[in-house]
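What follows is a group of structures, each given as structure tokens.
Look for chain A in each of the two complexes below; its partner is chain B in the first and chain C in the second.
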Partner chain A sequence: MATTSPGQASHPADVDPVPEAHAPPGPVAALGGSAIDLFLGGKELLSVFIRTLYYSVRGKREKGAFTTQMYEIGNKSVFFLSITMGFIGMILVYQSGLQAKRVVPDYTMLGATYLELLVRDFAASIGALMLATRVGAGIAAEIGSMVVTEQVDALRMCAADPIDFLIVPRFKASVIMTTVLIVWAGTVAYLTGAATAYVAFDVAPQTFFNMALIDVGDVSVGLAKCLAYGAAIPVVSGYCGLSTFGGSEGVGWATTRAVVNTSLTIIILNFFISTAGFLIFPG
Partner chain B sequence: MTSPPVIRVAGVSKAFRAAGGGPPARVLKDVNLSVPKGCLYGLIGPGASGKSILLKMLTGLMKPDVGSIEIEGADVTRMGELDLQKLRLKFGMLFQNNALFDHLTVGANIAFPLQRLFSLPKDEVERRVAERLACVALSGFEGRLPGGLSGGQKKRVGVARATITNAPIVLYDEPAAGLDPVTSQKIFELLRKEQRAIDATCIMVSSDLDRLLTVTDRVGMMYRGELIFDGSTHEAQTSTEPRVRQFVHGLTEGPL
Partner chain C sequence: MAQEKSIEVKVGILILVSLGILGAFILIMSGLSLEKTYTVNVDFDNPGGLQSGAPVRIAGVKMGKVEELQFLGGKVDPVTKRRTLVRAKLAIQTRAKDTIHEDAAFYVTTQGVLGEQFLAIEPGSIDKPVLAENATVRGIDPPRLDLFLAKAFELLDTALNGIRNNRELISDIAQNTAGLLKGLNILVNENRERLNRTIVNIETLSVEANQLTKGARLQYVDNPKIAHTIDNVDKISTDLQRDSGPLLKDAKEAMANINRASAAVGSPEEQEKLKKLLAEIAQLATRANATAADAQAIVAHVKTGKGTVGALVMDEAVYDDVQEMVRDLKHNPWKFLWRE
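Here is the complex of A and B:
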């Protein structure tokens, strides 16, 4: 049975099915079918990633595409990310302060530990999860719509590889802008955390702004996560968009899958990068 | 002596896996078709009979499960993506939904194949875009976005884009859908004139049979994934095959 792959033509929704004699699959066959689908999906995703890297170096430059995507992914996410990370910063510091009060009623290291947590993990991971919902969904919906309206087929008829034309500009822009946005969002979360610590626990800003626990390892791990998440969001969501089939319902599914799969990818990447970080920078 | 076919489809079948693990949907069944050079071939049939799928297979946008598709002797089904990109230089294609790029202007849409496939100077590209737009009665529309056009105008932009490279093989999927009768007739005549001018080989899918059959050399009819008729336009018009007769003459009584 043929299956379509990303960048290939979509499943035709307008074709009258001609059923053959076909018994419904049993549970083992269904499980096996799902496992094969998962394997094929992973293989195609890897293929999309490798082709994205290839075209990032050797692809055809589309005038203005990169800067447009920088604006779409970066500038348009600033407000959303600032608000969410600002509130998350307040919640984190408030809850941490309450816990600290029960165990060691001393807030002198509250700012330092919070900053380490932000730099090493939370700013990048929570920020990227937020971006996955806004940017990932947008990419999947846009590319998915292009698939169902045959625009992707039209690209291929003009010798334009959809990966090169659609995913590469988003990939480059996302790697840069995700890093910039996360640094910004982390700063916002830190500042709102400082304000919360001052109001709720009377921790002076001079005490809260403490960088004693930050070292090269924290910054390296944090940056590695920014780059990995920035790369993962457009590749995973672009893949979901390209594998859209059907009509508007298919675009809806592609968008949902993009958010779910990108979030999963971020969490799995977080685990592996954190583990590598603790092995490389054990201190 | 007849020239070898430019397009040869042999024993092509295709099925799609149904959503939810149901029975597979067979969309093409053992289709055999030959189109000689310079022929304008009309592909007709009720909706969902596999016409658009077949057009996409000719360009390698879809692969059949079995069978072979040869374009000027080269088997499309065995080609990799790079070979397919070279093959597509020979094609112009109008998609059923026009497939205009939403983010590009009308001018940029029409120029897109020229810019991607050929390295032409900017002024030459602009000249050819203006000439194409004049042919489809849309002069001055270069700067408009597709979102601001009517369905008929979009179709005409699609026609302009499909024909701008003067490709030797052109596939039209519903070139007259959404057009008024006068514009529709003009488009068919324009396409016929251009096809003759460069001796292009064309396959045209259209539901507007009254006009389509005035320009075609040969006609094929598809029904439920099968090519049930293949003959000259005159043979199609005089066919006694009940399904062909009913469809060509638009009869309400019959097997369809």
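Here is the complex of A and C:
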């Protein structure tokens, strides 16, 4: 910024213009900047995803990493997921039963509609959101701390792509174990729902276990969601971990961003897959 | 190493459990059943909310499922010769085959008030044959509540508009009707006795008319004579028809003869002779009449017992005298010769 010397007449024309980079951005500029950031972020995410897919087919296989990740993502989440989905199942059935009681006291279809909802949407979406909080945060924190401690740079120096080395085993393990966990969690939610229906509304388990409303479309949509969420959680979380900067504070932010972005991705994917499901399997 | 093995086992167990649950779920969903089934096709115009996979129940017990719902679009089926919109293909357990007869009713109904829709079968009467495998029957369409509501709404709307637009007219009609009913009530009360009598009379009349009808029926419908007469008429008409040919021929010949005769008597002399002859015949007839009148007078005279012949014929005393004389002569023939 130029300064005027004392004694000289100050004139607006003589004042150097303030550089735009140092001025606070206006609302339009802020909007444009956010859009560019979002676009660049999306591009990076897409790049990570494509490279993950590529290395999943062509990459080197590190012995034991895949199994370890399956254990970390799958087995270690069973308890957490069983508890959360069990309670969610109870709450859903209890609330549905209360609403049904207001309209017409007929619970014959409570189990069938609940099962359809669970298979088509809730088991996958709620289970994946729960997994995102646990697995996504874990992946982002692990990779983020490796980034800030320059271990990732060391990998690059050894000509090992961090995506192949860090994200691909988690990706493969997550795709399989998310599906496995959601099947398990859905079963738990259904059983706790049946117990709630029996205790709260006297609905016999034989009446509750009604699969009349389930068709191939419901199962296909449910399984498609499992695979999509299983792929999205490690890719988004890994990307957040790899884009960590700064010290331990950066790792914290990376973890937060990983949970938020993974949840957001799951919700958006849910919307698109559900829409496609209703178009392909109407009714 | 041992820890790695332990991890692998745990992961494997979790995957196996999950795959087991998923496999069992898909098997149950696809309706895996060890029971043998047979197929029956049911045609509907509108099966409502019935979907493939819906249960088929007999007397409330699940005995099969709707395997497929086909949209035939109103094409004429070559087997049933019927236009069919939707065909439901049912897979029914073979053990229920003997229960379902040819007059069985297939209808779509709902479990509970808002429950799932299923196909119910009323088995039909046992004296009918059992419904064959792959048979195609007509189903009973579920009641269209939506259609009913739409029509009821239209009806109510029209009625409401009609009432709104003709409020004064309706009020007048109501008043007039009330007045009419009041007047009718008074009339009935005042003439109750007469009305009762009239009703009794009408009843009597109806009884008599009934009897009359019965009598007329006996006399003119069920009477064997009528049938006999009809038979005779029929016979006569048959005979006439048969004989009309020869009769016509004879008639034609007779006409020809008459023509010839008329031609023969056509001359003036012949006609004069005929006239004379007719005049003579008329005179002869007049005389004959007079003779007959005389004879009638004589007979009348005799009948009254006048004259010798009359006394002889009509008077019993003369008869008795003659009889006694004959008897006396029989016993005493000497009286012919000797008078006492």
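What we mean here is this: the second predicted complex is superposed on the first by the 259 of 283 C-alpha atoms of A that agree within 3 Å, B and C clash if a C-alpha of one lies under 4 Å from a C-alpha of the other, contacts with A are read in each partner's own complex, and residues count from 1 in each chain.
Basically, a residue touches a chain if its C-beta (ideal position, glycine included) is under 8 Å from a C-beta of that chain, and two chains touch if they have at least 3 such contacts.
Since we're looking at a predicted model, the values are computed, not measured.
K.L.:
Could you look at A:Val57 and tell me whether it touches chain B, chain C, both or neither (first, second, both, neither)?
P.N.:
In the superposition, A:Val57 touches no partner, neither chain B nor chain C.
K.L.:
Is A:Asp161 in contact with chain B, with chain C, with both, or with neither (first, second, both, neither)?
P.N.:
It touches chain B, and chain C stays clear.
K.L.:
Which of the two partners, first being chain B and second being chain C, lies in contact with A:Leu279: first, second, both, or neither?
P.N.:
neither
K.L.:
Which partner chains sit in contact with A:Asp153 here, chain B, chain C, both or neither? Use first/second/both/neither.
P.N.:
Only chain B; A:Asp153 stays clear of chain C.
K.L.:
With the two complexes superposed on chain A, say which partner A:Ala30 touches: chain B (first), chain C (second), both, or neither.
P.N.:
first
K.L.:
If you lay the two complexes on top of each other, which residues of chain A touch chain B in one and chain C in the other?
P.N.:
Overlap of chain B and chain C footprints on chain A: empty.
K.L.:
For a test of understanding, state which residues of chain A touch chain B in their complex under the given definition.
P.N.:
So the residues of chain A touching chain B come out as 1-4, 8-9, 11-12, 14-22, 24-25, 30, 33, 60, 146, 149-151, 153-161, 246.
K.L.:
Quick one: which bits of chain A touch chain C in the complex? Just the residue numbers, please.
P.N.:
Those in contact with chain C are residues 64, 67-68, 70-71, 74-75, 78, 103-104, 106, 108-109, 112, 176-177, 179-181, 183-184, 187, 210-215, 219, 283.
K.L.:
Mind listing the chain C positions that touch chain A in their complex?
P.N.:
4, 7-8, 10-11, 14-15, 17-19, 21-22, 25-26, 28-29, 51-55, 111-116
K.L.:
Applying the document's contact rule, which stretches of chain B touch chain A when the two form their complex?
P.N.:
Touch residues, chain B against chain A: 14-19, 21-27, 29, 47-50, 52-53, 56, 59, 61-63, 65, 81, 85, 88-89, 91, 93, 95-97, 99-102, 112-113, 116-117, 224-225.
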